């Protein structure tokens, strides 16, 4: 192997640049050239490919977003699209590929693998919804962004009593909301993985009021059964003791300079991805298991979806007193 | 004068604690006792009053919120309420009062002044809507919170093109939205002070798309003629080129450790308030004018409302290219 | 068991308050009273003990430092001191103790255990030098503080070329310096665990200059064989191409609001410590192993000292290009 | 005027990029081309000049450092160097120049003006040592960096009592140290503008100890009569009650994303600089006076040096109780 490619794909996540940097420099250390593929699978199909030398990735480790940009590609989901992609890889002399991205990107990576192309995936998704790895790149940064917002709300709780509803990302996986609930001191968390009735939410808020708390906090995952505005309306029509205020964090959770944890995870996974390609591994994804970075088959990864650990749900209730 | 009181009132603002600290220690320096009145005018009526010694305000300069809490008081708006308040002040031997708060709090301060009690107001309001001072305590911190959020959005703009709508506080005054627009690189700003048609917004976003920008940013003050969800719906039904995403910052703008600017402003105003009381000034508010902290009559302050400077509106349009 | 005690001891670490909160509320959930012991073992001997109720630990999860303060105690190292400590525990009806602290604190905890008192330790030390746990409380926050400083240095590197020497904590363990080196993009790291000659450092800096980098970064652990000023003098007397600038972070690494990671680790360990006491475990320390919080014998912990993983040393050199 | 140039020069300061952006886009709005001159006056002499279009300055407003880099130039101090510079300006069709930088850069700007070239200066220097403007670009960001460090130290003060010595930048001007002292709660500040004996410092620390403070803070400007290590040694040899710990912030004060204040100041000054050139003003510097951005003659600026306001020195002593 003399030349590999690297791309970022799907929703962006802080730490993608740190991973690109590690891939490029590890490859250089082993004497490989690296081609950067812009705009994910769509850019691959369209041939947006530039060489990345070690100095090209200087000063990017701390930047949010991705210098290679991402895109969604319907074309790549077709057979024709995948053939075009393979043709581009061959044209540019690329003999192995590192795909950094989320669940959908791992499916794309698997498709190339199944067509015989050497691919290694790297999990990056702030939702932490990728099966097989304890943490994906970007999750830790997103959690810190959420926690910073919750801390600010708590400051203002010193004044007139309020119930704050904070909506986080997480369409299918409540990880962010759940952990933010534990470490943000929420009374209750609403997540896709667990049915919670609005009456329970109102009850939890009233309990907080009666215990003498100056505020109450409810964290709501985007993919919760109830929309945040619905929850607000329900609470406003009940005698909960507090005024209701909404914060919708939105895409600010995808941005920001990656934390130390995300930079280290991204760096270790980038190094591992290149070493896996060089070591002859094919069709795998790097994964954090315990303290180790290992590789697992992409086939396993895409068959399941990681769900949040409901033990944390009980922890929220236990600690909210 | 041997004893003064200090209270925080209305919506809380970062820097209130820094101001309390300055009041207490300046008073101590001049040999005055200081009584802290909890929960604003309502707490005054109810007699929630404790002595604050110099060591009691150690370690609070960096904290958001207010150690004295705030509250809204309907009772104080009545003659009976104001009489009760005066009785409490006399009971505790308080001979002068520093009121830290927003527009409504300055009205309350003026009411006490008009009943003959020595009062000095200090403007604190993240909206920057108080007349007569260049900046109120808390504005600079709120702006930095908004800008941090916008920076995170911009990071993610490296991927799939999006139009971000960011809702800031500002019910009557568009200052926060306007300045955030200038320094956040918005295409357009929606504020209470200026009529803007939704067609203009769509046009500005389309222009950004056509100029090749990877994203567009619209900052919307809470008090804008259009609700943020309305703007989103309008844009989604027009061919603007971008997907629309919403962030509603809400009360996180009221929290956080005060910035250097807010700490200095709060400290200088706290010092000035005590010196004004000692110097025999009555019924005034401290104000930043140019680089100086001056005092101006409360009567003037409450008759007007500060509006945002529309020159910044044109600056947004000029710089958005 | 109806009543337990909790203390923080040794050098403070961000997350100690989050751990105290978890201990108090988990205990309350299980119907236990909790006594807070101020100023560590010294405060225990002197009887500085107050009850902590669930509402007493509201609003502390985000605060650096420790509400219980810490202290070093020579007296506790004596038999007489330890007897006094036991007497105090009995006086206050404390039947089990959670000790949050570093290596020395775990020795103190073991001493009480060996005298027959039920104790569980919780590892908190920004140096990450405690054996048996992947991470101690406070390490992640300290790393983020260091990385924030390094990012700021990198910004200024756009101007006149400079070699920055950054001194981190770590008297016996180079973990902080090493990881900061990997994710901060250092050319070289100086740590207690590995001999590095100053000529190698100069060589690495010169290489960076020759490769066209606008700056070079050397991270130096406090416990490195060379003092930071020595390294500076050596480099200044060699033709390295860059001006040399020093940053000594000092105790700012011990402060700051704990990160999401540290809050979660501290919370999980606090919960586990109480459950371990209730489950009849004695003389153990909570530890992060892989993704699980387990308990390990204190006796094992104090016999060894964790050293930094030198694989990261090679990673620094590989990625610095 | 159809084409102007812009450069950054001297020590870099956060906000320089925001100013470059404002210059480029304001110029574009008025139909001017803009040439970016890299590496200050040295780059001008060597002809490192590239066109900057509005889209080239997208996404830089939040970045520390300067995309145009800076450099010091001995050659420009000679007549020959200045002639070369003028030749380059003419070669590239540049008819007016915006110079963003510190005191030395304003002298350089004045030299070009005196040779008949239309120049406008913009003050950028974290030291706030430039005469004629209330604030220079970068000062507010540097202050916030210092205050963040001091807050972290204060967190750790909850444990064993310590005296912290914090060294800030400021070779000739103690502004940063002085203001950090006021809003960081220092016991004493050491600055170039005022003689303070070490005995006074020791006395202030002892007073803090005797008043029951858990820590003491001394802020020392780089240009203070005493070196930080000297102060430490002096205190260590006196019975001050506290252990002494040193933090040397160094160049981290020059970096970081600019604050809202610095972005607004930089933006307003960039707009003003272009408008001044277009309006026929020559040999002036933009300046913040009160709330207005005005212009003042460069000749005045370079004849004086701004000193810190000693009223703040007394404020430190008054509030440290």
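Order of writing sets the chain letters: A, B, C and D. Residues in each chain are counted from 1.
As a convention for this text, a contact is a pair of C-beta atoms (placed from the backbone, for glycine too) under 8 Å apart; a residue touches a chain by one contact, two chains touch by 3 or more.
Note that the structure is predicted; figures quoted are calculated from it, not measured.
What chain lies farthest away from chain C once each centre is taken as the mean of the Cα atoms?
B
What is the distance, in whole Å, between the centres of chain A and chain D, each centre taken as the mean of its C-alpha atoms?
38
Please report how many Å separate the Cα centroid of chain A from that of chain C, as a whole number.
Chain centroid spacing, chain A to chain C, equals 28 Å.
How many angstrom lie between the centres of chain A and chain B, each centre taken as the mean Cα position?
One centre to the other, that is 35 Å.
Please output the residue numbers of chain D that touch at least 2 other chains, ranges allowed.
Residues 151, 154, 157.
Which pairs of chains touch each other in this structure?
The complete list of chain pairs in contact reads A-B, A-C, B-D, C-D.
Which residues of chain B touch chain D in the complex?
Interface residues on chain B, with respect to chain D: 18, 21-22, 25-26, 28-29, 54-55, 58-59, 61-62, 134, 140, 143-144, 146-147, 151, 154, 157, 179-180, 182-185, 211-213, 257, 259-261, 263-264, 267, 271, 289-291, 315, 318-319, 321.
Inside the complex, what are the residues of chain D that reach chain C?
Residues 11-12, 14, 63-67, 69-72, 145, 149, 151-160, 162, 164, 214, 245-256 of chain D touch chain C in their complex.
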